[in-house]
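Structure first, commentary second.
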Amino acid sequence: MDMNEKPKVEEKAEEVAEAPRLPNTKEGRLVKAILEKAPYAEGSIRRERRVEFKVPADRIHEFLEVASEKFEILIQITTVDWLKEGEFELVYQLWSVSESVHAFVRTRIPRENAEMPTVMDIWPVAETYEREAHEFFGIIFKGNPRLGPFILEPREYEKHPFRKDFNMIGYVKMIYGEDFDRYDESKTNYVI
Amino acid sequence: MINDLMILIFAPLVAGILAWAFDVRGIREAIGFIGAAIPVVILAKTYQTVLSNSINYTITVGGFKLIFQLTALNWYFAAVAAIVGIAMALGMISTSRSGYEWLFALMSYTGVLGVFLSQDFIGFFLLWELMTFASFMMVLRNNRHESLKYFVLSVIGAYAMMLGIAILYAKTGALDFATIRQALYMDLSIGAISKGESALLFVLFLTAFGVKAGAFPLHVWAPGAYSEANQSYTSFFSGALSKAGVYGILLLYILMGAKLYAEFGTFHGHLTFAYVIAWIGAITVVVASFLAVLQEDIRKLFAYSSVGQVGYILLAFGVGTSLGFAGGLFHVLSHAVFKGLFWLVTAAIILQTGKTKFKDMGGLAEKMPFTFAMGLIAVLSLSGIPPMAGFASKWLIYEAAIQAHMPLVAGAIFLGSGLAFAYVVRFLYAVWFGQRPSDLDNVKEAPLPLLIGMAILAIPNILFGVAPGLVTEYINKAFGSEIVGGDYFKLVTPTGTYNALLVTIVLVLGLAIAGLVFLYGATTRKIPVTNTYQSGNPVIEDYNLSIRRNFYKPLAEALDFWLKYSWDRFYERIAGIAEDFADTLRQSFYNGNVQSYSWYLAIVLLILALWGVL
Amino acid sequence: MSERNDDFITYELQEFKLFEPLFRWARKKSLWIVAFCTGCGGIEMPPLATARYDFERFGIMPNPAPRMGDLFLITGYVTPKTLKRIIITYEMMQDPKYVMIHGSCPINGGVYWDSYNVVKQFDKYLPVDVAIAGCMPRPEAVMDGIMEIMRKIESGKADGWKRYRDNYEWYKKNQDELFGEGWREKEGKRWLAWI
Amino acid sequence: MIGIDWKIVLEVIGMLIYATFMGFIFMGIERKAMARIQRRVGPPLYQPILDTLKLLGKKESVSHGLIYDFGPVFALGATITALLFIPIANFQLFSSNADLIVVAYLLEVPMLGIMLGAMSSGNPYSAVGVQRGLLTMVAMQLPYGLALIAIVQHWGSFKLSEIVALQSVHGWSITVPALLLAFIVFDIVFQAMLGLEPFDIITAPAEISMGPMLEYGGKHAALLFTQHAVQLFAETAFFAVLFLGGASNLIELLIKQIAVLFIAIFVASIYPRFTIDQAAKFFWKWPTIIGIIAVLLTV
Amino acid sequence: MEKVEVPRELREEARKHDMYLHPIDKDTYELFFGPQHMATENFSIILKMDGNRVEKAIVNPGFLHRGFEKLAEQRPYFTNIALLLRICVPESDVPENIYSMAVDEIIGWEVPERAIWIRNVVLEMARLSAWMFWIMGFGNEIGLYTPGQWAVAYRERFLRLFEELTGGRVYHIYTVPGGVRRDIPGDHWLRQLRDTVEYLKSKLKDFDEILFDNYITFERTEGVGVMDRKFALKHAVTGPNLRATGVPYDVRKDDPYYLYDQLDFEIPVLKEGDSLARVLVRRYEIEQDLYILEQLLDMGPPSGPYMVKDPKLKNLPRFKVPKGDAYAHVESTKGDFGAYVVSDGTHKPYRVHVRGPSQSHGVTVLEELLRGARLADVPVILKTLDNCPPDIDR
């Protein structure tokens, strides 16, 4: 198990320096090939079969179009809500069947009125992922015709429950009543 | 007595002309109804007489002697026509919109009666044409295209018949049936008519009568014409007028049976010429029933169904045994009553809703309960549920076909009855059950005359179902031999029995037992269609919860190959021939010869007809 | 037939006087489960139906049609979205009908006690006859629960359906509180725009 | 007609009770045998009786209208009628008054009853079930008819009692080569008549959740279960009469019926379900060809 | 009842607000397929039907949504194991493993060899028991109940072994970050496992005879729900479904974890892409899994500890994980099952995102494949895609 994990906040500064020294491995060649076509992105290798790109939000569609030549499968779109920074981080996770490499494509957008272009035209499956990200985080994917209540009921959908500022306990109390038998607010950790 | 036959035949025509002349709502209906009722009265009056001796009537028109005769057999056909005729008149009281319809409906009534009663080819042909013309005019009023298709095929039939009559006249020098029959019988030993000529005669008459009966390759006019006339009239059109063709086939047997038998002999123990008729009937049953199952329009469905059911009669006649004739004749009656009933029900539905497609209907059972009950009786009768007239006649046909060792023909009947079951249920489902479209919420029960008309046709369905002996006894007497044994309630053939009354009693008993169990359970509470199993999902009326279109799509898919075969390939071949024809005919077209023009038109229209419908 | 009984609250239930003991015995021995597995517990249904446990010995049989069903097994946590369907299916079943909740989740939320999308107390929305604790209850426990329900049917204590009719107002209030008034129409209309 | 023959009345009542009971037991055998094949203990044999009693004992009953109520009643009534016209062992009942064609029709009539009720509920699943039921009937009608025709042509009689009598003299139908073919055809059709796999297309729980039976509950379903029981008895008896030489007493008949039933159960437990168009194509292929050969051999 | 065309924009606007548009097409009818239905269970499809053909299918998931990812943010790392495994009920070891692998990667733990071996065996056992469950599901959908009954009875053998190993029948809560929770009970357990594998191997031909080699099974599945390679990749189809279209992608080969790079096994690939191919790929995979398990048993458990030694593990509820993120995925019977864990250095994960394989093939792919299918094909397509609703809902 590689230990290539870094604190997220510092990453931005280091990536620039890292880009030129890509090792001459399968992953290195792949990243290099993509970076040549998309110089605006930053690429790095995390470990064997794991690579990472950082892309500005406005060029994400362009980048993914380039990346889709090598990475056939869009594994998922993960949204991370960085409340303190006031940003959503979108992680497009790609898998290359031909090269057996997994890629994170990271981008950050502001939390308020979060909007992204859809990538449905590249990977039709993105429809589902985007619907989900929209439902739980409220990010609007422009061009996706089916945004709306998907998994959730309309009432929960409006709250976008996976946002960090969604007060779950408060909401549960409001909806289902207060009579929890195992809840004590004074305790910091509770028994499940 | 002489006047009776005259009135019998021409009363409807006169009434029709009067109704047309006094084209006032109310008066024309009354006159028309009286005109249609007179034959019933006269036929009822003559019932006792005809069994012992026939009633004759002769008039001379323009040098030709027209002979009309009411024999036991004629009476049967005329009575069938009369029952349907009076029901039609009642139906038309509700549905007709002008004297025009009364005129031609009653004119065709006269034509049908005349055809049945004629004893010579002059009268037969003239009245045949009158009947054709009148029914053509009825179709023309609603749909020009379909009427032309009907016209073309009828013209072909008429030409064929005229040619046949001419040949017969040339060979025998006579036009009245008795002489012709005798002459042909004599010819067995003389041999003046060659084998080829008899074959030609057979084919010509088969074409002529097959067109009217809607037998398989010539049935293409029927669906369009049946569905495009006034639906009340269609009950007569399909119930009685198509029987003229069947009567013609019977006539063929009477006149030429011996001759044809002598010329063509037998094939595996069956009369060869009859075998042809049987197979035409069998194919008609199967093809028309399959097509009926796949229809999306209520009128088209019953039109194809009519074709199929007439196929049963042809098949029964084709069996060639006396039992076959008995079955066929019985089916003439039961088809007339149940199909007439169906068409009246259809008339009521169309009158009240203004829709003809299945996809626009549904849930009408609550709105038109009496019509629904009548429709249910017709359904039970058509699909051959035991204590109904439809079953008794079908039973006889089964027995006849299997006894005559025509297993594959009998297999066709089995298939046909399954298909009949399927299409009537589709009718039941699409029209009466399921979710009701919101625009049908204000539909009301059909008007009273129409309901009376339905009742008139519904009663024989049950009566002759429970007491089929009434019919078979008459047929026995008409033929002068004990074809079907038993009493009023019981049919006995040499190999099988069917006791209709017992079946009815046991069925009632069974229903009573089941009903008692039902009554013991909890009392029911009525729930709306939205409170049904929808996998747990809440639904509202705005969803469409009934299969409105393509109900039998799986069948269409299973028959994919055949449907494609008959539509595409056949069309292409015909189109190729049509082009050649058009080229050769174009020259004669420009020479101004009206005759060739009409031929050209006839053939093009025939091609169109075959393309459009088959 | 009779128009006056048009909703199940005003509907008068049939009383079988003579054969009631016979019917009660039959009810006990022939519990048909409505095939509606609402959660993880559904995974223990196939083992229950197969060789090792075989609940068909006791006349228990899953049946897809709710009209014929007797026993409603709530096999796990219930989300509001599912609860709507459960209520509709339950109301479709015919009296007498029994509800058995299966696992901790419908009792008090179980593992998902703080989840925004899991109903915490199932018995606020529908009456419950037997509850089985555990996550997830072993098939033996489920069988025990079924035996318990059989005992209750025999002694006439399995009266959830009666309670539902008697306290319909209360149940309806709780349901409406959770889903909002007119939820049936609203939920029904939801798909109209899509099809 | 006026004087009531008390003997026959007693026989009828006895036969109805016997047939209903045995029909339920047959249903129990079906479930039990299936369970044994699946290596389970299975329900007791009398389980279907309990199920029916329970359904009848429902305190609530819903209806979609008069026809919805009429459907099951009609189905049961027609099945009882069919039963009484089949010669069952030494009880001839009314079998001399109706022949094979009548009985074959009467055995199909209950279908209409079930369909009527199912259609009037307006449920789309039921409607699909109705569609499938009728198409199955259309599909199986041709081979079914051919098998019956072969029987009739060989024995030269439509009367069931006569067919039984002839078989007792000349040996069972299946000993005749042509009728053996007809037997094969009939057995395939029989699978569809009983609604077992591979032709349980009508109920198909995983596709249309029981199809026409879906909306029935309470006493309606109880009637239909009783109907199914009687029909099961009648159909197995019909089969035994046509091909297995009938029976001289009820025990013999019972053995033959159970034998017939077991063939059906074994086939059902190892074959999945066809789709409806595949079933139609299937029926119109091999069973029809074999049926045609059979009838041509008997001409 | 003529169909009135509603302008496209208006329709889209209406959909966004769940508004009600009138009138709807009366030619077709609506079939609400699930959740109270034998074939779907906890999943709903709204079918717009024309005759017996599906004209349009709309997937309506969410009956099982519990907000796992939100709940996981509220609970300590080790407690989350007990929560996340409930995502995939028939194969509950898979979420445990991916979560543990991801956390292992973030912390940088070297998991002991013995624990790796046990995890691998547990995963393969889970796969086999899930296959048995799938046989039952598939058999039931096409109306063949016998093999399903057998299969679920065989599955009980695995469940018993699981019970002895972990203490749980269905939910094992066994694999934890850093190793496994308990050691193997003893040699008898290994012997029993080998017996079970042998037994299942001998029974496989029964399934072949009755289910996989059945004429009607072929009729029902051949040419039903066909998807090609390109479609499958674009729609992120993974697992047996992808392999049935001719793409030899298997996480165990392409991104090997645990001992899979040391094991000898094949990836069955068929290229037809229809339901039959999907069924047969699964059939061959059962065989391969038995073979893998046999090899693992031949290998024997390595000696050593079954859990990492770390002093921080003393206080499990307050166990802190360093900042970082990791993605781990394994090959489940349904496909590529992955988890993405983000840690912000506290004792609770900052974000856990689970990728269920059905998430991709249970919505868009299903909707596409159902278009034009017969009603009878709907359950077949559902089951050959091996659609697992909790994957979508989570």
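All chains are identified by letter, namely A, B, C, D and E, in their written order; residue positions are counted from 1 within each chain.
In this text, a contact is a pair of C-beta atoms (placed from the backbone, for glycine too) under 8 Å apart; a residue touches a chain by one contact, two chains touch by 3 or more.
Because the structure is a prediction, the values reported are computed rather than measured.
**Q** What is the set of chains touching both subunit A and subunit D?
**A** C, E
**Q** Which pairing of chains accounts for the highest number of C-beta contacts?
**A** B-D
**Q** Quick check for the class: compute each chain's Cα centroid; which one is farthest from the centroid of subunit A?
**A** Following the centroid criterion, the farthest chain would be B.
**Q** So which chain ends up in the middle if you average the CA atoms?
**A** Located nearest the centre of all protein C-alpha atoms is chain D.
**Q** Using mean CA coordinates as chain centres, what's the subunit A-subunit C distance in Å?
**A** Distance between chain centres: 41 Å.
**Q** Roughly how far is subunit A from subunit E, going centre to centre by Cα mean, in whole Å?
**A** Between these chains, centre-to-centre, one finds 22 Å.
**Q** Based only on mean CA positions, could you tell me how far subunit B sits from subunit D in angstrom?
**A** 34
**Q** Let me have the rounded angstrom distance from the C-alpha centre of subunit C over to the C-alpha centre of subunit E, please.
**A** Taking the average C-alpha coordinate of subunit C and of subunit E, the gap between them is 28 Å.
**Q** Can you list every residue of subunit E that touches 2 or more other chains, as numbers and ranges?
**A** As it turns out, subunit E has residues touching two or more other chains at 15, 18, 20, 22, 24-25, 29-30, 35-38, 49, 52, 62, 65, 67, 70, 74, 82-83, 149-150, 153, 374.
**Q** Please output the residue numbers of subunit A that touch at least 2 other chains, ranges allowed.
**A** 152-153, 161, 168, 192
**Q** For subunit B, jot down the residues that touch at least 2 other chains.
**A** Residues 521-527, 531, 533-537, 539, 542-543, 545-547, 551-552, 554, 557 of subunit B each touch two or more of the other chains.
**Q** So which chains end up touching which?
**A** A-C, A-E, B-C, B-D, B-E, C-D, C-E, D-E
**Q** Show me the residue ranges of subunit D that touch subunit B in the complex, using the header's touch definition.
**A** Subunit D residues touching subunit B: 1, 16, 56, 58-65, 67, 69, 72-81, 84-85, 94, 96-102, 105-106, 108-109, 111-112, 115-116, 119-128, 130-132, 134-135, 137-142, 144-146, 148-150, 152-153, 156-159, 209, 214-215, 218-220, 222-223, 226-227, 275-277, 280-281, 284, 291-292, 295-296, 298-299.
**Q** For subunit D, which residues are in contact with subunit C within the complex?
**A** On the subunit D side, the touching residues are 31, 35, 38-44, 47, 50-51, 53-63, 66, 69, 205, 209-210, 213-218, 221.
**Q** Applying the document's contact rule, which stretches of subunit A touch subunit E when the two form their complex?
**A** 1-3, 5-8, 49-50, 72-76, 78-81, 91, 93, 95, 97, 100, 102, 104, 123-125, 127-129, 132, 136, 145-154, 161-162, 166, 168, 189, 192
**Q** Hey, which residues of subunit C end up touching subunit D in the complex?
**A** 1, 8, 11, 13-16, 19-20, 22-27, 29-30, 32, 35, 50-51, 54, 56-59, 61, 63-68, 70, 93-96
**Q** Using the touch definition from the top, list the residues of subunit C that touch subunit B in their complex.
**A** Those in contact with subunit B are residues 1-3, 5-8, 11-14, 36, 65-67, 84-86, 88-89, 92, 183-185, 187-189, 191-192, 195.
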